[in-house]
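Each in structure tokens, the structures are laid out below.
Below, chain A partners chain B and then partners chain C, in two separate complexes.
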Partner chain A sequence: MRNYQLGRALAHGAVVSALAVSLMTTSVLGQSVDISKWSPEYVRSIAGTEEFDTAEACGSVTPLDYEGKLTFWYQGVFEGDPDLLRQYYKDFFETFRATYPNIELEEQALTYNDLLDKFRTALLGNAGPMMVRLQILGGVEFASKGYLQELSPEDVGWKTEDFWPGAMKSVMWEGKAYGIPTNNETMAFIWNADIFERAGLDPEKPPATWDDVVAYSKQIHDNLGIAGYGLVARKNAGNTPYRFMPQLWGYGGGVFDEARENPSYQAIELNSPESKRALQASYDMYVRDQSVPVSALTNQQADNQPLFLAGQVAMMISHPSDYNVMLDLQAKATGGDAEKAQAVIDNMRYGQIPTGPDGRRAVVFGGSNIHILNPEYVDGGEVDEQAAKAMVCFWTSPEWSLKMAYAGSNPGNLNGFKTKWMKERLETIKFLDVTTSMLPYGVPFPALPETPEIMNIIIPDMLQNALTGAMTVDEAAEDAAEKVRNVTSGEGL
Partner chain B sequence: MNAVTDHAKSSRAGIQSENVLQRMWRQRADYLYVLPAIVVMLVVIAYPVYYTIELSFFKTPPGLQLRDKVFIGVDNYSAILSSEVFWRVTLNTVIWTLASTLIAFVLGFGAALALHRDFFGRGVLRAILIIPWVISAVAASYIWKWIYHSDFGIIGIVLVQLGIVDRPPNFIDSVGTVLPSLIVVNIWREFPFAMIMLMAGLQTVPDQLLRAAQVDGASAWQRFWHVTFPYLSGVSTVTILLLAVANFNSFIIPWIMTGGGPSNASHIWITHIYELAFGRQRWGVAAAYSVLLFIIVMTLGYFYVRALSGNERKENRA
Partner chain C sequence: MTSISNNQAPRSRRRIDGWRWTGRIFLVLMLMYTALPMIWMLLTSIKSGFAAMQFPPQWWPSEPTLASYQKLLDPQNSVGQDFLRFFWNSLFVSVCTTVLAVFVAVPAAYAFSRFTFPGRQFLFFAVLLRNMFPAVIFLVPLFILMRVLGLVNTHGSLILTYLTFGLPLAIWLLKGFYDNIPIQLEQAARIDGATRFQAFLLIVMPLSVPGIIATAIYSFIGAWNEYIYAATFITKNEQLTLPVGIQRFFSENTTDFPGLMAASFMMSVPVVVLFLLLQRYFVRALTEGAVKH
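Then we have the complex of A and B:
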């Protein structure tokens, strides 16, 4: 196993840093973070250089002997997460209870795909929890509707400049902050070097562009009869936009102008020639070449992981945690399957996500944010703000924002990179460098209330309409653009 | 005797001359007995139905809270009825309901007739056939999803290994095959219910009548058609209506297996309503859809009650 293309990553990072800085900063956020310095080398240089005492820091926000009650829903671990993360979640709540023994905590974990539905339903009946941790695209929707309290890092003892500006954008609505980022990540690209070699490709050279992905996928399928690229196009699953948007942005397209400097989210670009070209690439792989899993329309990433481990998928966009998930799955395999899985892990390579035809590289700037609700929408009509701030402080602390993102993400609080656990993490989590090197290319989802519907329903619908032949590529893109127009104007079904 | 008859006649005449209020007062004890149930139903059924109807006349833009809804009259209904998706989803729902109901009923009928005969291992076979009905629909959906998997599903692999096809058939990732594939799963889940209902019905067919028909020279088909089947008509009607109502309201199988996809090809009313409400927050449109569905299901419910009443009358006559 090796981390690949780091040199090239740094070179490209320098070229795009100006654009990236503009994408990751915002004028409303005071001092900005210089993202260009966040190279893997920089991360290594600061890891383990500072110590933080979480109990002491949060004790100054909410006294440790505070008596109160807290209800809390959060996007927790799911079937696609590694076991390591489950342990950290367990440790977190045990530690919180030990630190704040007089806060009666009722927490509830929900999966990525269920949380929004349940939270929306509860809010309609004024039966929400006192606080919630949501996926990054959810915050603006609820802030714009008045469900959330204003909440900034300063409210719990941290500084705004200690968080990625791009992440802070996702909690801003009309110039005010309504949450704090807990973790942020960018994905990378993984491939199976052994399959590449058997298919006649250079095993150490990943596809440089999305056009290469299409060509490689076809070559792998034609030569070996297995899927080349792990396409994901399921509806109502967060995995789909996380895997298609990098392709869309890479080709120069977008839903709006979200991948550009200072996006305004006014003009709809889903039907632009660039966007259609990105959709055409998926069509070529699924329909023309039949070089991706046929099950892509019902698959999510958790379905592709075992296929990759079984050597049936050669490459895919991958979450940083996928390596650990593969190890977990391998440990559960027996006999010949275990050996086969180990061989795949040994041949696993991580690289940067391919670029579009003009060298544009992009990835979703993902993560989660933590929020406190307004009392009128909470079950019982009251929010214990002190207890809630204790939890917010705890989760967004350098220690726990790092530990809760140990295998799958990066700490929302940038001071987490300076802790001893980051140093330990760099030594134990393979390929962390590659995902960190993708940070400069991160594009936040549009900060609009309608974004969850656009990303979870309209984008997958567009893909499915084109890939099933229900519509042509042109028609599917135009139809999706029309739907975005309707949803943003409040018209149509 | 005559005095008793006269008294009964005069009582009946007195009752018939009562107005509604007087009759309710006379039957007040009956109302008291059902009062708790009525109160619960008003809270958990009547109010939500009322609120859904009210909501169906409002626009609920996704960027606003529900309390900021805007009154638009019947626009939601006209938008739904003029929408291409509505007719597609309605066609899916009709195909889903009719095919699932009728085929599950026919299979259940066949299984009930087969298991009504006494043979070795009947109990074990009956237990096995009931399994699809008793296992969790969620678990069954996930299992079938993998059975159908378009790349590595067991059906596809077996067909490829037998040389019947070159590559695994595409069951649930194709707009043409997804709905029939889901209907098969639904029938598999539901036919044991029809089987149990009809097995119970078969117990009511008098043996002596069948034997008498046999002595009179009736063939097996004639005994079935002229003796058994008429006895099962009541339970058959009830079974079909219950299956139809359940299928109109199906959610778990299509939602878990395909989420209504690909390209809306397996969306039926309930999954579409769920997506409109909880995925897209079009509460008003979803409410209007729900009202239309409510009318259809209530119509089926009316026939169900009539069928039950008919059965009771028949039993009373017998």
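Then we have the complex of A and C:
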């Protein structure tokens, strides 16, 4: 496992990232976090420099002997996730119960793709939990419908400036905060050096631009008969926008102007020439070159990961946890399988996500937020606010926002970077340098109630319409732009 | 005569053999179609996570392991605890649904078969009304109803819902069966002094055992495999049924294929065993109503 020449990549990207950096450093909510300084070197310099006492901090919000009851839904970790992360989740709930022995906690882990739908159904029946941790996409939708209580970091003893401005945007509705970020992440680009070499490519050099991705993918497919790029185009799956939007933004397109400084989300740009060019790149790979998995239309990341690990896909946008998953698989394999798994690990390379033709690099600024519901939508009609704040404080503390994001993400609370666990993490998960170096290029999803529909339905629909030949690239982009117009004007899809 | 007979016999045999072989090949193909997924499921369940992801696939695991089954059946670890609890929950819901379905469908079908009463035809077709709509459109209304009844997060919500799905077909199935039991048998019993209930219990019920078993199998399988209502009505881990519970093998970015396959294989065992043991009743009941005696 080696990282791409990081220093060179950072220097190369510094100029072109200025726009994105300025987006992230603007004073959202009157705060100022200079993300441009968040280089791997900076992160390494602050790791392990401070200690935090979670119980003491949260005890000042909710007394440790407080008696209460709490129901809580969250996107959980399950059998396929890295063992390390599952252990931290287990430790978290045990520690919370030990710290607040008189709070009766009923927690329920739900899977990534089910959480939003299940939560919506429960809300329709006024049977929601008292609090919920949702994907970053969900906060504004539910806040705008009145389901969530106002909640800001100050309510649980933290400061707003301790959280990423882009992440805070995702919990803001009409100038008020309705949640707190728990973790935030930017993905990176992963490739198989052995496949690159066999296909006649430099094994240590990832594609620099999205046009290169198309060309590399074709070369790999033509020479080796396997898929070059791990395209993801499944409907109603969060994985699809996380993989397509960096491409769309890289080419200079967007749903609105979300990739620009101070976005207004007014003008729809899905049908701009830049957006069409991004869609054309996917079309070229899937239809013209047939250099991506034929199952891309139904694939999500969990389907591409086995293909990558089996050497059937050469490169893809990757969640940071893939490396830990592979380490787990290797540790559990025996005999010849263990050797093969080690070979896969040795051939894994991480680098920055490619740029568009004009050097623009972008990645989705993802993560999750934690929210407290309004009582009328909760099963039983009551919310134990003190108990809920104890849980919010605990999860968003420097210690636990780091530990709960240990293998795959970054802490929502920036002080998490200063803990000893971050130092330990940097020593054991080497590619963290790469994902950290993507932070300045992070673009938050549009902070609109309709964003889940746009990202999970309209964007995948556009891809599918173009890739299946149901529409031309032009028609698919125009159709998607029209749907965005309808959705945002209240007419529905 | 003899020579003609000798000449014709081989031709006739060849023709019959051709059909037989066509039939056999067809049956083998059908067997492969149904059995291969189960075999592949079983093979994947005894691979390591890495081996399950290999391509070309390992047709036979190079390092077979029962780790997934040990994990699922070990009540000491959290995966095993959850799996065994989900299994028990599914069994409880399915058995309750089956018993109630039989308990309600048997007298209802008998009444539709034997009695003439105002609105009989209307009621008979009305029980099917529920099945004329896609199940999913009742999801939110039934959820709200269960919430009002205080049944969300209880197995009662699932049992009630599964009954509304299973009963119409069960009643139709059993009515067809009762229609084919000669009414003269009951009349003879009545003449011999039996009450109507005794005639039903002692004459009709034993004769309708295949139909009742088929109804029970149908109800059990429907409840055992149901997913969408269980996923909507139940949110507490302690109450989840197996089809929802085995989702824990899917994560945002990865899937534990051996664990998923082991859980799926074990989930399919009760249904397969039940069907193998009772299939002759099931087939008989399904065809019984098709022929008038």
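Heads up, the rule we're going with is that the second predicted complex is superposed on the first by the 467 of 493 C-alpha atoms of A that agree within 3 Å, B and C clash if a C-alpha of one lies under 4 Å from a C-alpha of the other, contacts with A are read in each partner's own complex, and residues count from 1 in each chain.
One rule holds in what follows: a contact is a pair of C-beta atoms (placed from the backbone, for glycine too) under 8 Å apart; a residue touches a chain by one contact, two chains touch by 3 or more.
These figures come from a predicted structure and were not determined experimentally.
In the overlay, work out which of chain B or chain C sits against more residues of chain A.
C
Looking at the overlay, does A:Gln312 come into contact with chain B only (first), chain C only (second), both, or neither?
both
Which partner does A:Ala227 contact after superposing on A: first (chain B), second (chain C), both, neither?
In the superposed model, A:Ala227 contacts chain B only, not chain C.
If you stack the two complexes on chain A, which partner ends up touching A:Val77: first (chain B), second (chain C), both, or neither?
second
Which partner chains sit in contact with A:Asn456 here, chain B, chain C, both or neither? Use first/second/both/neither.
A:Asn456: touches chain B, not chain C.
Have a look at where A:Gly469 lands relative to chain B and chain C in the superposition and call it first, second, both or neither.
Once the two structures are laid over each other on A, A:Gly469 reaches chain B alone.
When the two structures are overlaid on chain A, which partner does A:Leu373 contact: first (chain B), second (chain C), both, or neither?
Neither: A:Leu373 stays clear of chain B and chain C.
Should A:Leu124 be classified as contacting the first partner (chain B), the second (chain C), both, or neither?
After superposing on A, A:Leu124 lies in contact with both chain B and chain C.
Could you give the residue numbers on chain A that contact chain B in one complex and chain C in the other?
121, 124, 307, 312
Where on chain A is chain C touching in the complex?
Residues of chain A touching chain C: 73, 75-81, 90, 106, 108-109, 111-114, 118, 121-122, 124-127, 129, 238-239, 301-303, 305-307, 309-312, 319, 321-322, 325, 328-330, 332-338, 340-341, 344, 379, 408.
Please give the residue numbers of chain B that touch chain A in the complex, ascending.
Touching chain A: residues 59, 61-66, 79-80, 83, 85, 145, 149-152, 168, 170, 172-175, 257-265, 275-276, 278-283, 285 of chain B.
In their complex, what parts of chain C are in touch with chain A?
Interface residues on the chain C side: 48-55, 62-63, 65, 67, 78-79, 139-140, 143-144, 146-147, 152, 231-232, 235-237, 247-257, 259.
Give every residue of chain A touching chain B within the complex, in rising order.
117, 120-121, 124, 144-147, 227, 233-237, 293-298, 307, 312, 449-450, 453, 456-457, 460-461, 464-465, 467-471, 487, 490, 493
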